[in-house]
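Both complexes below contain chain A, partnered by chain B and then by chain C.
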Partner chain A sequence: MSKRVLIVDDSPMIHNMLRKTLEGNGYEVCADASNGREGVHLYEKLQPDIVFMDITMPIMDGIEAVKCIKDKYKEAKIIMLTAMGDEEIMSQAEEAGVDIFLKKPFNDFKIISAIANIV
Partner chain B sequence: MCKHYNDDYIDEIPGDVFTEALYNVVYTMTGFNVEKKISEEEVEKKPSRDIVGAMVLAGKKNMVLVVSVNKATASLLVSYMTGMDLTELKEEDLHDGITEFANMVAGSAKVMLTDTVFSYKLTSPFAVVGENIGIISKKSVMQYCQTFCANEVEIKIQIFSF
Partner chain C sequence: MESTKTLLKDMTGIDIVKMSVPTEQVGEVDSMGVCTTITFAGKCKGRFMIDMPPELALAMVSNMSGEKMDSIKYKLFLAGIAEMNNIIAGDANTVLNNQYALGLRLAPPIVFTGKNMIVATAKMDAVFIEASTELGPIKINIAFEGGIEV
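Then we have the complex of A and B:
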């Protein structure tokens, strides 16, 4: 059975890019969310195997959403995918419980390698 | 790699860093190798720019990054990035794509400018959309401007510093 992935990002283009990469490599994208709050809700409802999470999003940002998910589900596997790659943000992400931090831009290899490292 | 920008460079614009960031983003996301366009005059023969992705870069030195493209370039970039067919792309896809593109260029440059006088925080990117649009500024505002090309792709970046 293929691993199920939840994508949380406010850019439809990033959803399309990730979907192309993931589905092309045998993963199932079980849902898309466009903000952190929706992401937390969908995580609780669908319990995906992997989450791709952006940081800067409306309503609830990615760091806050990771904290909400990890507080309840310590086993959650979360990959943060963001254009913000400075140490301060990376440190906040690590404290929130992010498993892998990836910087945009990305390509298929970067995405698939990251998944292989946590699953 | 870019030079180390200390306080001595405060009155400059780190154009080389944004150039490297743009090369990196375009190549990683699309596989295109863009090159600097040598003659601005040549570029201005076809000045049509329809989508402008922009972002305020807030730091000791405030800057605005502007990425301008025409619809044809936006379509090609977004199509390569997403794998979507050109005919499937809607206007919103192009606007979102160029906004995200500007976000990635700013993010890549930010990493290279960490711990320099140009270190900045990212703000939310946005797009300005129209026909034959451009961004102009007062003469007192410093500007770096460069156009990059690869086949049908033509991307103009401007950095305003104030």
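Then we have the complex of A and C:
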């Protein structure tokens, strides 16, 4: 059975590009969320194998969403995929429980290698 | 600016073939048709703006998404231009934060499209860099509250 992926990002372009990469490599995208709160809700409802999470989003940002998910589901596998990659934000992501931190832009190899490292 | 050039090439496959030196922006910006702006704030405030003609913008987003874009009103095109600016500004802010500990964070990008647009930002001194690609010109405009030394 293919691994199920949840995408949390406020950009429809990122949803579209990630979906193509993931589905083209045998993964199932079970849902897209456009903010952190929606991402937390969909995680609880769908229990995906992997989450791709942006940081800067309206309503609830990605760091907060990771904390909410990891508080309840320690086993959650979360890959942060974001435009910002400074030391402070990386450290906040690590403290929140992010498994892998990736900086945009991305390509198929970057995405598939990251998944291979955590599942 | 070298990293912006590399990022654009990585994302869109389009090369910047010529680039001007940073020059002070005097007065308003006359847009070429597609303009995206993103503000940032931390220990200082500013904004990053990219302006280009529709033909170049459509080609960039088509290459980035792998889908042919033929209208600047298409939702996915607007999202693509916004994301491109987000990635370029995010990279620039990452460098500034790591070097000067400015704690800069980005606001969501905004995209404007249309003919004969004028963009004005009051109370911010700006510099611009004009660049050429094989598909048309692109102008990058950076402003900081309190000004920038050119």
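In this section, the second predicted complex is superposed on the first by the 119 of 119 C-alpha atoms of A that agree within 3 Å, B and C clash if a C-alpha of one lies under 4 Å from a C-alpha of the other, contacts with A are read in each partner's own complex, and residues count from 1 in each chain.
The definition used in the following text is that contacts are C-beta pairs under 8 Å (C-beta built on N, C-alpha and C of every residue); 3 or more make two chains touch, one makes a residue touch a chain.
Model, not experiment: these values are computed from the prediction.
Upon superposition of the two complexes on chain A, a steric clash is found between chain B and chain C.
Once the two complexes are laid over each other on the shared chain, residue contacts for A:Lys70 go to neither chain B nor chain C. In the overlay built on the shared chain, the residue A:Pro105 is in contact with chain B and with chain C. When the two structures are aligned on the shared chain, A:Thr56 is found in touch with chain B and with chain C.
In the superposition on chain A, A:Glu87 contacts both chain B and chain C. When the shared chain is aligned, chain B and chain C each come close enough to touch A:Ser11. On chain A, the surface touched by chain B in one complex and the surface touched by chain C in the other have residues 11-14, 16-17, 20, 56, 82-87, 103-105 in common.
Only residues 10-14, 16-17, 20, 56, 58, 82-89, 103-105 of chain A touch chain C when the two sit together in their complex. On the chain A side of its complex with chain B, the touching residues are 11-14, 16-17, 20, 56, 82-87, 103-107. Touching chain A in their complex are the following residues of chain B: 24-25, 28-29, 78, 81-84, 92-93, 96-97, 99-100, 103-104, 106-108, 110-111, 114, 122, 124. Chain C meets chain A in the complex at residues 7, 10-11, 61, 64-67, 75-76, 79-80, 82-83, 86-87, 89-91, 93-94, 97-98, 101, 103, 105-108.
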